[in-house]
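Structures incoming, each one as structure tokens.
One chain, subunit A, links the two complexes that follow: it is found with subunit B in the first and with subunit C in the second.
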Partner chain A sequence: MERIIFYILAAVTVIGTLCAITARQAVRAIVYLVTSFFALALIFYLLGAPFVAALEVIIYAGAIMVLFLFVIMMVEVASPEKLAKPALSDWWPALALVLVVVASLTVLVAGQAPPVPGAGAQTVRQFSQVLFTRYGVAIELVSMQLLFALVGALYLGRRR
Partner chain B sequence: MTIPLYEVLILASILFAMGLACVVAWRANVIMMLIGIEIMLNAVMLTFVGGSAHWGIAEGQVFSLMIMALTSAEVSLALAMVAYLHRRKQSVDTDDFSSMKG
Partner chain C sequence: MTTWDALDIALMLGKIVVLFAIILTLAAYMVLAERRILGWIQDRIGPNRVGPFGLLQPLADVIKMLTKEDMIPKAADRFLFSVAPAMAAIPAILTFAIIPLGAPTVFFGHEVNLQIADLDVGVLVFLALSSIAVYGVALGGWASNSKYALLGSIRGLSQLISYELSMGLSLVPVVMLAKSLRLSEIVDAQAQMPFIVYQPLAFAIFLVSILAECRRIPFDLPEAEGELVAGFHTEYSGMRFGLFFVGEYINIISLSALASLFFLGGWRGPLLPPILWFFIKVALFAFVFIWVRGTLPRLRYDQLMHLGWKFLTPLALLNILATGWWLALR
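And then the complex of A and B:
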């Protein structure tokens, strides 16, 4: 049952991302990407990470995508001409890279036995205990990094 | 654990390859390049969460949280830079920012 749900969600994610990277306008790409991120959040939930799933919806599909939409609308109101869509010749190197990645993946899957699974799923309680005891310094570093990003964005965005 | 690790890894690498294709194919547009980077970082997060579920340890989820914080910092700075560049040259085309002839 879980595997069927996983396959459906994987199909939604892949198709949404595919529509996003081939969309004609950037706003449509963002909307497709929000769909893809919702499906990805459900995959995280299936994999036993409900906290990461909630943060994926809140931060990715909520905050970051709205930030993208805000900047895209600001840019397109100021200069409404269409951006150049990549020509067919631009897609060839991308297709070559995709083929390399997929071929190496096939070699990986065909060549090895699956690794031994460990014990049990993680509850949010265990996750937060690990996060705030063993990785407390990392939490402090991340908060400093977010503060620096805030100051940098304010500096770049001010009017002179 | 009912979802095999390899299927999660296959989905993550397909997502990563599509993000890479987005960055390479849309290299004339700054915003679409940023979207490609977002897709790639999501694929990496899926890899971490899949490993965390497979081996039953919480470190993968911790690192996906770190990646999420890194992404929000990176996106806020990069979009501020896009707004700044658009204010200077009224464009988000990377070919317009070639004054250093690099």
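And then the complex of A and C:
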């Protein structure tokens, strides 16, 4: 049962992402990407990480993509023309990246690396205990970094 | 995971079907209730022709919407235009899956939770669904390819993002008091005293935020009819418009249910059976929604943003600090 659901979700994720990168229209690309995030969130849930699943939807689908949508909706009104078909010269950076990803995947699969031991986090309570005790310093550092980025953006965007 | 026997699956399906029927009926009658109560507030009669007291009016409305011509503007993005109303209604309906309607009851020798999914991250799922609800408004307006619709959906987008923040932050003290994100445990934590007593400020912030999340007067700028025709759903007709419309009312009911879960102790109450208590509390909030609509004028756009970002959000943050302080010192 779970296996079947997993394969359906995986297919949705992959197809959604493929559609997102091949879509000509930015707004449609966002819709496809959000679909794929949703399926990904459900995969996290199946893996026993409901917290990550919820955050995936709240942060990626609900916040970041909404901001993208906001910007695109404002910009596309000004320049609604469709993009031309990309030339081959536009492709090679992407192809190089694909090579890197494929190479690393091959190494991972061929090397039969043992699965990374999770923190055994099941409930939110256990998860947050691990997060704020074992990784407490790292969390604080990351949040400081986000704060700096926020202040920086505020500085750049302030009215002169 | 546990193995599934046939009875469990049947029970689960049964619960979903029953809940679905309840939601749709409630939403339909909420429309009628709103029209009657608004009529009462405005000193007129309201719809009372169809059936006794106008009770069959929702049925007539549904037939009207189903038989209306379904228009899709030529310049619209056909795919997104037809998907957007569903995107607006589905998150509102899904929210009901996490709401506990009453105490666990025994049916046919089986203990049944009156809740479809008692998730460990219930509060977060609610926030996730409400952040997804933005897409219906945004894409509906964008796909119509019309000025008014686009203006309405851009307004709607910024309004929903802004008030989601204060709504989420006002729930943090509730989670701190209940020490859980699970909705059934939040209800259990209010066995002695509903959280509205400890957190009147969080309750006020939450109430204002859900009014804004529902895009209702005084926060109905995305569909302000005086300036934007009908805002993001200007181009919609027939059942597609109906879906937006019903979605809005389902949203009101689900947010009322959550408000009573978080602050009024959900289904807990003396004497009356739990489900009845829950219904009374939800109806109370729904009445407040209608009452506010009948009373207040619409805010100006800058007032809306000012209220959200410069007043409610900082207040909610201060409230979290104060609650943490109080919990630590107690």
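Throughout what follows, the second predicted complex is superposed on the first by the 114 of 160 C-alpha atoms of A that agree within 3 Å, B and C clash if a C-alpha of one lies under 4 Å from a C-alpha of the other, contacts with A are read in each partner's own complex, and residues count from 1 in each chain.
Everything below uses one rule, namely that a contact is a pair of C-beta atoms (placed from the backbone, for glycine too) under 8 Å apart; a residue touches a chain by one contact, two chains touch by 3 or more.
Since the model is a prediction, treat every value here as computed from it, not as a measurement.
**Q** Tell me which partner A:Val14 touches in the superposition: subunit B (first), subunit C (second), both or neither.
**A** first
**Q** A:Ala54 contacts which: subunit B (first), subunit C (second), both, neither?
**A** In the superposition, A:Ala54 contacts subunit C only.
**Q** Per the contact definition in the header, classify A:Met74: touching subunit B only (first), subunit C only (second), both, or neither.
**A** A:Met74 contacts both subunit B and subunit C.
**Q** With the two complexes superposed on chain A, say which partner A:Met144 touches: subunit B (first), subunit C (second), both, or neither.
**A** A:Met144 contacts neither subunit B nor subunit C.
**Q** With the two structures laid over each other on chain A, which partner does A:Val107 touch: subunit B (first), subunit C (second), both, or neither?
**A** neither
**Q** One more residue to check, A:Val66. First (subunit B), second (subunit C), both or neither?
**A** The answer is second: A:Val66 touches subunit C but not subunit B.
**Q** Looking at the overlay, does A:Val34 come into contact with subunit B only (first), subunit C only (second), both, or neither?
**A** A:Val34 sits against subunit C, while subunit B stays out of touch.
**Q** Between subunit B and subunit C, which makes contact with more of the residues in subunit A?
**A** B
**Q** Pick one for A:Ile43: touches subunit B only (first), subunit C only (second), both, or neither.
**A** So A:Ile43 only meets subunit B here.
**Q** Same subunit A residues contacting subunit B and subunit C, which ones?
**A** Shared contact residues on subunit A: 2, 51, 55, 63, 67, 74.
**Q** Please name which positions on subunit C make contact with subunit A in the complex.
**A** 1, 4, 77, 79-80, 83, 119-121, 124-125, 127-129, 131-132, 134-135, 138-139, 142, 150, 153-154, 157-158, 161, 164, 180-181
**Q** What does subunit B use to touch subunit A in their complex?
**A** Within the complex, subunit B touches subunit A at residues 1-11, 13-22, 24-29, 31-32, 34-36, 38-39, 42, 45-46, 49-50, 52-59, 61-62, 64-66, 68-77, 79-84, 86, 90-93.
**Q** Touching residues of subunit A toward subunit C in the complex: what are they?
**A** Against subunit C, the touching part of subunit A is residues 1-2, 25, 27-28, 31, 34, 41, 50-51, 53-55, 57-58, 61-63, 66-67, 69-70, 73-74, 77, 123-125.
**Q** If we count contacts the way the header does, which residues on subunit A are in touch with subunit B in the complex?
**A** Contacts found on subunit A: 2-3, 6, 10, 13-14, 17-18, 20-21, 26, 29-30, 33, 37, 40, 43-44, 46-49, 51-52, 55-56, 59-60, 63-64, 67-68, 71-72, 74-75, 78-79, 83-84, 86, 90-91, 93-95, 97-98, 101-102, 105, 108-109, 114-115, 117-122, 126-127, 130-131, 135, 138, 142, 145-146, 148-150, 152-153, 156-157.
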